[in-house]
Amino acid sequence: MEAKEGTRMAWAAAVERAIVWSIVAACVAGGAVSMWVLLGGAALCYERAWPLPYARMAIELDALSAWFMLPLSIVGAAGAVYGQAYLPHKSRGKRLAAWWWYGWLLASMAIVFMARNAVLFLIAWEVMTVASFFLVTMDDENAEVRYAGCVYLVAGHAGTAILIALFVVLGTARGGEAFAAGGSVLPQAGALFVLAVAGFGVKAGLVPLHVWLPEAHPAAPSHVSALMSGVMIKTGVYGIMRMLMLLGEPAAWWGWSLIGIGVMTGVVGAMHAIVQRDMKRVLAYSSVDNVGIIMIGVGCGVLGRALEMPVMSACGFAGALLHVLHHGLFKGLLFMGAGAVVHRTGTRMLGELGGLARRMRWTGVLMCTGVLAMAAAPVLNGCVSEALVLMSGLYGMQAAGAHAAAGVVALGGLALTGGLAALCSVMLYGVAFLGEARSRAGEVAEEVGEEMRMPMVVLAGLCVMTGCGAPLTLMACEAALTAVTGALAPGVLRVPFGLLTGISSVALIGAGVGAVVYIVRRRLRRAAMSAVQPTWGCGYAQPTARMQYTGMSFVQPVVRVFGWMVSMREECALEEVAFPRAAEVRRQVDDVAVRRLYAPFSVMRKVLERVRMLQHGRVHLYLMYIVVTLLLILLWKAR
Amino acid sequence: MMARAWADAVLGLALAPLLGGIIVRIKARVAGRKGAPLWQPYVELVKLMQKGVVYSTTSTWMLRMAPAGIVAGVGVAVLMMPFGGVRGVISFEGDVVVFVLVLGVARVLTVLSALDTGSSFEGMGASREMMLGVMSEPALLIALAVVARQTERCTLAEICAVAQGGAWAAQWPVLALVCAVMGVMMIIETARVPVDDPATHLELTMIHEVMVLDHSGPDLALMQYAHALKMWVWGVLCVNMIMPKWSAWWMQTLAGVGGVVALTCVIGLVESSMARWRMNKLPQLAAGAGAVALLALIIEMWRR
Amino acid sequence: MTRLLVVLPFVGALMALLPRQAGLRRAVLVAVAALHAAGTLICFIVRPEIRAGAWLGLDEAGLLVLGISSALFLAVSIYTVVYLQRQEMPGLHLHEHNEPERVFCGCLLAFLGTMTLVTASRHLGLLWVAMEATTLVSAPLIYFHRTQRSLEATWKYVLICSVGIALALLGTVFLAAGIPAHASPADLTMERLVGSGGMVQVEWLKISFICFAVGYGTKVGLAPLHTWLPDAHSEAPSLVSALLSGALLNCAALGVMRAHQVCVAHGLAAFSQDILMVLGIGSVIVAAIFIIGQSDYKRMLAYSSVEHMGIVMLGVGLGGGAVSGALLHAVNHSVTKAALFMAAGTILETCRSKQVQDVRGLRRRLPWTAGIWLAGFFAITGTPPFGAFISEFTIAARALASGRWLISVLYLGGLAAIVAGMARIVIEMTGGVPGQGMAHGRVREPLALVVPPLVLLGVTLVLGVYVPAGLWEFLQRAAAALGGGQ
Amino acid sequence: MQVIDAIMVGMVLTCLLLLGSSRLGAYIRIVAVQGIVAAVVPLVAHGHGIGLQAAVVSAVTLVMKGIVFPRLLFRALYAAGVRREIEVYVSFPVSVLAGVLMLAGSCWLCGRLPLGAEVSGLAVPVAMFTVLTGLFLIVSRVLALTQVVGYLTLENGIYLLSVVLVPQQLFVIEMGILLDAFAAVFVMGIAIFHISREFDHIDTQAMDELADWRASKETE
């Protein structure tokens, strides 16, 4: 009996390993192919009839698709390896289910990126939603996971409904096929653009359509969160870019609105990120703000294209495209690091963590890489794309007339977003990994195993490489870039290339200088002899770990200024006497969109109550409905 | 050309600590004391370099590595800063943006190393520093962008060349506003009165000084040197904005140094004449700077 | 062949009434169902031609509905056997005194027979007779569990449907009145009405179509005539609900489509299409309102039937490519809804409550049924790769392409709202852990309760990714008669 | 045609009586009378003489509506053991008034219909009126039994319409329709029996267990 059970376990393990490595192999293959396409290979097409109304099995891997395939294949493979070590505490059935849906998620995303037929695209799109839904609701014992799943599904379906409208209208306008590359500008292009932003914005997590994101991403297992946050929300970005390609020459107001949405998304997302207590929620909201950065880039690109300012356009789109990859890399890394923390400490609450960098050295270093990338520090990749977008904003300010204001909105908004993102990164790492542990959970933590570290190491390495070798990345991106910017004059790309070369040189020089200084300082004769003492408490006798700055107190000065952006309720039960005994402060942070925008709709439920009186239970009423209907239709039609 | 750029950079790296000495000397004089010699900061740096270090039991590699990183960051900023009419050692289209980012990474590292000690005092300083950073970066970028709008290029060299090109005559209102923003920025970034009082003895009111409480020996030296470099960079930036064009490079350089020294004296006088503001007025200061920058932009746009 | 199909179930009904021992009776039930399904299949393969002036005959639309009904009945009959067995077992059943089983089986078979007659009748009078017969025969089925609630449901069902159908009779009379006296007015065979177009006077035709739409529409469950539907579906045994929702509603819809066919033949397509569209979209909206915040999962399914029947009518009303889409949607809806009702039956037997808040943690208690429940939810809400998506897409495509913006918005918005309503319920039911007072632990699921719904879901899954060319042409031909076609 | 007009007047009177009367027994009897009156119509409608088919149809109808249905209803009545006043939503005077209005309305409606010459001018409006009366009764009366009576009235009206509008009937269809009507009354009778046993009254006001507004209140 025991033996039989043992063999079954062994079999299951073997099967799982086989699945994982086949996923990895597939990802590597996909990445290789898309690299080949990006480096000048011809676009791969596959097309055949499909016995389904309106459907054609049309798939094409052109430069843009290939570019989005890159983060998918990288994060997908890393996530698979990571998940193998992350999942085992689950039951066998759950593990297999997890892998089944993980595979579907990857496959459907790949098809989303490559589909060239509306029905195929929509099917892949929805399969992607469903697969990720099942991954999100894996631990459906607790209520908030179920809530997250519900919100996620509803949001997904609402988005799809809009997309159906989009594709049908576009398809009819283009004579049947929505993806037919027609250069001519359609009369209803503006409406289509709005539909596209609304429909894809749900998936991309544009404010105020982002509400599902901070619920769903933390609920999923961490390698899935990495995939969702790193890649899946980019399908929305992809959709918007693809639509821009299909809609032909953009109008200036498109750029304006994209920039506006981007700034709103970035700032609001970052503001919400810094006030969260849950590590993974912080990361989820920071994904929102990164999407905002991407959108600002796209907006600058579109505006530049509309105003015939090729350099601005090129910089904007380049920044957006690069940030898609970069954010995928470092956000994947961060979620995996957070997963490692959850794995070892069993908690996601920042308030209970602290000092992990000493107990989980590897994870600490890797997380530090991640947050520095998120804080747009040179040497790491985050700053590259941000610099490009800022650059685009700078050029945008040189536009004639009122359009210069768009540039300054982009510039200022992005600067603010970047600052908040930096604050968020510092808060995350500083509270969780530096200082002293704030609870027992933080003290018992120990380093995670090889197979969980390896994927993170790979991602971190890629973050550094894309940070220092930025021009090469842009070279790989060039084909995709020209696809979205339209044909560019020869000299145009010189500017972004120059900027990236400058950044990487700065990065390398800075790194070199830093290394030299550090080594020299180590070499100093006396400095070698160093004493170790407890932190100086400024004369305070016995400091405890609880006295440290928490995340909330760390961001408090900023919240005092920008607090109106998040709906935060704070009640302080402090008794007004000479010597107050116990005081407690309770802070409640909700998503501003939920509180201010969607909550008001709850009055609808009252209205619906009234309407439900229709189903009153009295058979007479029911019969009267019949008579009334008959009479109404007679009056309406029988003339 | 490159040689001159290097020469200017080295000059900056060498002269930076002097500024601190000058300020102390001025304050002492105003207070009626004799004051320490001008080269006092150099002496302190050397002394600290020879000491051993004390690390907190709480701290990790961050506390040990950050100082080097910070010095590197600010040092690169020095290399990027045009001075004496020649472009910086590192200069390329769009280096404005990178310049801001580089200063940003220096700040982030400072804050992280402060948090590394787990002391609530340093946490206090760290959070205030980040707040100032969040508030000031947009203002700075916009201010730079206003000038960049006049020169159709986005390099520090061109931006500084505007003023030296004698654009003041044409567009003095814009440039004056931009200079005001720059001045505020310099005070915020270099943590001087009225934003921060480096000479106070009450940790609760510090911003920058409280973050380096647990640094000691060579680390402390590096932090102080980095801070000095920061002052130099900002000084040069502000001076560049108002420095007229001179014929010869060496004259330009000398004028530049003179300008920076003069600016430092002004700061010293300000410090000895007023006290630091309450913490909750600082955001208003930064926001005000941002507003002024926007005003400059509006004027600029309206002018066209 | 057609006659045989019509007669067979009635014979089976008589045979079911006779024997004493239950086993034999159930055997008869399944056997007849299987035979009937086989016969229908043969009809699909060798299409028996319709003789001129014949009252019985299967055209495309009729054959389609017949196919659906027959297939569902086969699946349900297998389910029924186990269901009845469980009713006998002491511990398992909910209700003390059920209706005598022989009556139940007899009525089931007779129900099949009447539905066959509806699909096969070419004469509108005959169609009416058959339609009313389905109502009367299915009434005892709803009253299987002799409870007050089921009795109330039965009463409402019988009364409302009878009155509604009486209006349809009125319509029939008007139609006959519209035919000039010299041309033997009472001969209301389809070929005559459709064939030599323009024979009926337009005013009579209009009035009669309105009566048909309201009359048969009552039985289809179009809002606001749907009021009997949630009661009947929630109180009937689940397998009966499956038949009502999957088969009967389509038969009634066929009645409306016949009238529409006549209108199309008389060039009144626009007239009838308007009415159908309004009723259809209205049903979608009303269903959405009642599904949001629904506390009874069987009523939820019932309202979703209202919604989907509305979608079918909307598709027929939109014309063009939407008609074939609507017919395809009828197929998808029937199989999915039947599967869902079967799952609901198992859940009800296990958890002993129709209230959503009494059902938790199905994934742990009934893994297979929970899987069916979730999959069915995705299928019924039109999530790819299930069939409902493609049919709903076809209808949306037509609505948007023909520039009916209001209808498109209401349609897509209604669908999204319904997803919102159902998602909450379904996720709460499948997920979570059984609360206090609820039984824990996994429950055995007999194969016969799991396999039929799985097969049905498999069908709609296949239809979602692959619509055989033959089937599509078949639908196109059926649609052509209904004023559809590309 | 004097005869048919007289018959039509009779129909109208029965309808008004139905609207006005307040006792169950009388109710059933009136509807039976109405059925008989309606059954006679095919014999006298359309001037040409009495055909065999028409004779059979009217005979069967007469038997059914005159004898069988009342029997069934009375059985249900005794089984239910109710001998009460009819309860109404709309009071009797108002109902009668409504009846008059409905008569006017049906006349107006028939004025708009392209009626053939061979139909007597009064027949169609009266038939319409009967239909409307049936609907009105179903909606406005409380007891289950009275609703069945209303349904029967509706049936009578439609029957009348079909007779006067469609010259030559199809035997089979007529029979089928009658059969269905019979089955309907039969089933409803059984249902009423069960209702009286389950709820110990046949008052449909109490039968509003199945409703959505209350259910949703529970969840509140």
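Per-chain numbering from 1; labels A, B, C and D assigned in written order.
Everything below uses one rule, namely that contacts are C-beta pairs under 8 Å (C-beta built on N, C-alpha and C of every residue); 3 or more make two chains touch, one makes a residue touch a chain.
Here the structure is a predicted model, which means the values were calculated and not measured.
Peer 1: Going by the average position of its CA atoms, which chain sits the greatest distance from chain A?
Peer 2: Relative to chain A, the chain whose C-alpha centre sits farthest away is D.
Peer 1: I'd like the most central chain, judged by C-alpha centroids against the all-protein C-alpha centroid.
Peer 2: Here the chain at the core of the arrangement is A.
Peer 1: Express in whole angstrom the distance between the two chain centres, defined as the mean CA positions of chain B and chain C.
Peer 2: Going by mean C-alpha positions, chain B sits 77 Å from chain C.
Peer 1: Averaging only over C-alpha atoms, locate the centres of chain A and chain D and give their separation in whole Å.
Peer 2: Roughly 68 Å, centre to centre.
Peer 1: Between chain A and chain C, what's the gap in Å when you average each chain's C-alpha atoms?
Peer 2: Each chain's C-alpha centroid was found; their separation is 44 Å.
Peer 1: Measure off the straight-line distance from the CA centroid of chain A to the CA centroid of chain B, and report it in whole Å.
Peer 2: 35
Peer 1: Could you pull out the residues of chain A that touch at least 2 other chains?
Peer 2: Residues 612, 615, 619, 623.
Peer 1: Pull out every residue in chain C that's touching 2 or more other chains.
Peer 2: Within chain C, the residues that touch at least two other chains are 155-156, 159, 163, 203, 207, 230, 290, 293.
Peer 1: Indicate the residues of chain D shared as contacts by at least two other chains.
Peer 2: Within chain D, the residues that touch at least two other chains are 135, 138, 147, 204, 207, 209-210, 212, 216.
Peer 1: Classify the chain contact graph as line, ring, star, complete or other.
Peer 2: other
Peer 1: Within their complex, state which residues of chain D touch chain C.
Peer 2: 112-114, 116, 118, 131, 135, 138, 144, 147, 151, 154-155, 158, 161-162, 165-170, 172-173, 176-177, 179-180, 183-184, 187-188, 191, 194-195, 198-199, 204, 207, 209-210, 212, 215-216, 218-219
Peer 1: Where on chain D does chain A make contact in their complex?
Peer 2: Against chain A, the touching part of chain D is residues 89, 135, 138-140, 142, 147, 204-205, 207-214, 216-217.
Peer 1: Using the touch definition from the top, list the residues of chain A that touch chain D in their complex.
Peer 2: 609, 612-613, 615-620, 623-624, 627
Peer 1: Contact residues on chain C for chain D in the complex?
Peer 2: 123, 125-126, 128-129, 132-133, 136, 139, 143, 146, 148-149, 151-156, 158-159, 162-163, 166, 169-170, 173-174, 176-177, 181, 184-187, 201, 203-204, 207, 230-231, 234-235, 290, 293-296, 299, 357
Peer 1: What residues on chain A touch chain B, complex-wise?
Peer 2: 354-355, 357-358, 364-365, 368, 372, 375-378, 383, 386-387, 390-391, 393-395, 397-398, 400, 402, 404-405, 407-408, 411-413, 415-416, 418-420, 422-423, 425-426, 429-431, 433-436, 495, 498-499, 501-503, 505-506, 509-511, 513-515, 517-518, 521, 524-527, 529-538, 543, 545, 547-549, 553-558, 560-561
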